[in-house]
Each structure stands twice: as structure tokens, then as C-alpha cells.
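The next part holds the structures, each set out as C-alpha cells.
Look at the two complexes coming up: subunit A is in both, with subunit B in one and subunit C in the other.
Right, the complex of A and B next:
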């Protein structure tokens, strides 16, 4: 999906008002300096493309944060602001119940979501 | 931002208003060693040596880099050819904005609007503090632009004003630094004063003995 035609102001608002807090809840206490790398994005479409990838696609050690609250909110924000965007299908009710049961966050997931936070922060600064 | 205690090198990074970035390291475990700092701003670039080392007790304790924009920094700290720490980071994460420049005051009855020049990048919080000589504590008023209105003032009184800038966490993260406070400015009856001390504490009246 090409994110060029998204309403970036609207996405920034969703991020600032909802997604940001959900990401903070997930990474509570984790700091960027704790990790030796980070993910950079150049412009708005590039940022959203990398945000989608890190949010909905699993990586070694971190199955898929797609079931987390921030991912559900991200999906909703993209669907509302990007024409024709459908992205991965997430079953909301089942996801919320699963999220509440989830206790242990693997270090790999914390690292992945910390990178996600930096991408959202970058997108915010350039929108 | 500082690295966790216990890692080989304790690192601190400060991005001074997207103009210079200071990376310093504390190497109690490697006393007497002169480290080499190499860096680049883009993955495709070649690493370059630090142009301006910061020395402490004659040993390299940090590096000062000129930067142009909000972007990534890739660096490595080596002991000879052996890399001790290789890292990449977003310099925005460690932003310390410049202190607000000249403050402007627009008085209107019992309110004043304080303005100052924008720093040229987004998602900042401008904080204006004020007090009189009789107040022990400063009072804060904040806004996301440098156009802050403070109500409920008594124009007869002499006020101290100062300002600083903070990076908003949703856009920069939680490891930034507030700017230094601006110089204190004194205002009374809508005019600039050199100080608030004389006429507040020693009002002009004649003692008839």
C-alpha cells in the first residue's frame, strides 16, 4: 500500500491522542538508549510504511505485536486516514481479551516497539 | 540520555538545538586509555574520525559534532581498532532546545502576552514563569507556541519573567532535556525595568521626623 495520499494531520492527531499512550503503556520504563540501534524514516509515507511493517509483521523473537492495543489503534487510524487502506484483518474483541491475559513482554518485543515509538515520534515531528 | 550503569561505557548524548551533538563517555573501567570516536550520518557514508574531541585529565572523554538536521547518527567508540561500543540513534531523542531569545511583552489591563521567536521546529512546549519580589515561588504558564498570555497581574507591581522550552514527549520521547532558562526580564507598568529590587523594597517617600 502506498501511504502518500494519507491525511497525515489526522494520523498525527490519532497518534498523539491515543496510540502514543498505548505505546507508552507497552514499553513502560524502556528507554531508547537501552538499545544499540533504531529505525529511521525519511518522509511521511516512508514512516507509515515502516510503522505498518513493525506493527503488523512478526520478527525473530517477537511473534507479532498486531494483537496489542496499540496495533489495533494503529490499524483503525490508518483505515480512517488512508484512502482504500485495509491492512491486516484484526478481530477486535478477541484481541482485547488476549491482551489482558498477556503478562510477559519479551525483550525482543520491547525493542521492536521502542523502534516503533521512534518512528511515530519522527512522523509527528515532520507532520 | 545515559546508558544503563554497568555497560562497558557509560554514554551521554546531548543534541544542542540540532546544531551540535555532544557524545561523552565515562570509562572508569578503562582508565588511562585514549578512545577513538568515528561517526557518520547516513548508512551509505564512510565512518569519519571525530573532528573535535572533549578532553578530561588529558584523555578523550567525548566528541562534539556539528549537525544540520533532525536525523540519525551512527557511531563507534574504539580502543585502538577494537570496537567497545557501536551504536546508532536518532539525535532528536536527546534534544536540548536553545533557550528562548528576546522576550516581547504586550500588556493589556491585567494581562500580558509574552512572545518570543520560534526555534524553527515543531512539537515544543514554551514555559513562561513570573513572580514578584514578595513571591517565594515562580508561577508557570505553558503553551505550544511562544505566544503565552498570563492573566491576573497587577500592573503597578514589578514582575520578574523568564522562559524556557521543552520538547514534547509524544514527538521526541522521554530522554530530552529542557532548555536553559532565558535571562530574567523585569516589567512594571507595562515597561521594561533594570531590576525589581529598588522601587519595590524602598518606595520613594519622605520620612518626617
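Right, the complex of A and C next:
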């Protein structure tokens, strides 16, 4: 999906008022310096593309935080602000409690979400 | 079973005006939000009428309201707070009317409280302070507060001041000496993301001004 036509102002509002809180909840106690990798995004569409990838695609050690509260809200924000965006179909009726038992917050997931926070921060600063 | 609507009444039911209004209160009980709806027509026969919300919810597709007297309410943590929901009035599983609603645009803050007025003789002024539960919230933190005050004998002559902080100074010379005043406060969301309605008024606080008007003269 090409994020060029998104309403970036609307997305940043959703981030500042809602998603930011959820990301903080998820990474409570974790600091960016805990992880040595560095993430960067060039412009707004690039940031959203990387945010989508880190949010909805699994990586070694972290199946995919797609059903976490911040991910469901990221999906809602993109769907509300990006024309034609459908993104990955999140099975909304699978209870979170069952999923969370399987996906204990491993270090890899915390690392992935910490990088997500950096990408969102970068996006919110781009005017 | 006996239902509120017999067969032929069902057509009449169709004619009823099911328009309704709702407001949301976020983090009203810890992380729980509260959504309250009521019919605009208070004379409506609300027997068997139910409210349901779908869309922009976490983990579930729809949620049903509870009913208390003529109000329908839903207390939950499951609002996404992003995007639109649809609220429907249902009569025996049939949608009588539906409306698109965005929970963050119908926010009604909790009323301010603890209004106090302290007279500062040296400064010839009155310091008004009040409290709001919204200072501790994650979401609706930024509010506009309206302070309204009047001389008690002047029924409708309210003076009004808008502010975003919870402290205000009234100059003694702007008030009548040796007079009883009433003061109260209400709030409304002030961030462009959260919008909505005025809260209820706080309980009023009453105070009497000194004999002089702060310039050494007595009227």
C-alpha cells in the first residue's frame, strides 16, 4: 500500500492522543538504549510503511504484536486516514487474553515495539 | 411472552421518533469509559427498546447497553478511541434507527469540584481555585473551564471568565463591597482531538466581599 495520500495530520492526532499512550503501556520500563539497533524513516509515507511493517509483521522471536491494543488502534488510525487502506485483517473477535498467554512479552517484542515508538516519534516531528 | 408491542402496535412503533443523544466520559472509573444515551423524546415508550454499539471497539464487534430508568449506559475499556462507531436502537433485534458516532467527539467532562475563594487583603483581590479529575487522566487532559460568578441579589447577571488553568484572580475593585457572591465552574474539552459538551456545573461557592472596595473608599 502506498501511504502517500494519507491524511497525516489526522494520523498524528491519533498517535499523540491515543496510540502514544498504548505504546508506552506496552513498553513500560523499557528504554530505547536497552537495544543497540537504530531505526530511521525518510519521510511520512516511508515512516507509515515501516510502522505498518513493524506493527503487523512478525519477526524472529516476536510473532506479531498485531492484536495488541496499540496495533489494533494503529490499524484503525490508518484505515480512518488512508484512502482504500485495508491492511492486514485483524481477527477482532479472538480474545486478547488467550493470545497474550502465548505471546508473553519477550525481549524481542519489546525491542520491536521500542523501534515502533521511535518511528512514530520521527513521524510526529516531520511537518 | 407479553411484549411491549402487540402486532398492530408494531406499525405504530415504526412511527415513534427514535432520535437519541449520547455523550461519553473517558476514564470515568479507572480505565473504564462510560457512554450514556437517551431518547430525545422523553415520552417515548422505551419498553423492549435496546441500544447497541458496533465498530471502533477492541476485541469485539458490538456491545449492548444497560438500561437504568430512561437512560442507556455502557461502561467498558473496549473503545478504540479512533474512528467511527455505529449506535443503533433495536426493538426485538430489529434496527429502528442507527447513527454514526465518534466516541472522542461527544465527550462530556466530569464536573469540576472543590471551588474555593480566598481573599488576599494585601493584594486587594480574591484567589479562586478549583479542582478537576481530568488532571489525572491519560486522554482528556486539556479542558476549557468557564468560571461564572454573580452577586446573589442579581439573579441573572452572571459574569463569566474562560481559562485553561484551575486558578483565577478577581480584583476587589471589580466587585461590589459588602456583598454576597456566588461562584461556580464547568468544563468542556479543549483539544482538537477530543471534542464534546459542557460538563455539569460544579457545586457553587458563596463568599462575602469586605466593606471597602479595595481602593480605600467605601461606596
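Note that the second predicted complex is superposed on the first by the 115 of 127 C-alpha atoms of A that agree within 3 Å, B and C clash if a C-alpha of one lies under 4 Å from a C-alpha of the other, contacts with A are read in each partner's own complex, and residues count from 1 in each chain.
Methods note: a residue touches a chain if its C-beta (ideal position, glycine included) is under 8 Å from a C-beta of that chain, and two chains touch if they have at least 3 such contacts.
Not measured: the values here are computed from a predicted model.
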Applying the document's definition of touch, where does A:118 land relative to subunit B and subunit C: first, second, both, or neither? first
Is A:37 in contact with subunit B, with subunit C, with both, or with neither (first, second, both, neither)? first
With both complexes overlaid on chain A, does A:73 touch subunit B (first), subunit C (second), both or neither? second
Is A:18 contacted by the first partner subunit B, the second partner subunit C, both or neither? second
Using the superposition on chain A as set up above, list the residues of subunit A that contact both subunit B and subunit C. 16
Complex interface listing, subunit A residues touching subunit B: 15-16, 20, 31-34, 36-38, 40, 117-118, 121-122, 124-126
If we count contacts the way the header does, which residues on subunit C are in touch with subunit A in the complex? 56-61, 80-84, 104, 138-139, 191-194
Subunit A touches which residues of subunit B in the complex? 1-4, 11, 13, 70-72, 85-90, 92-93, 121-123, 170-175
Could you list, by residue number, the parts of subunit A that touch subunit C in their complex? 13-14, 16-19, 21, 69, 72-73, 76-77, 79-80, 92-96
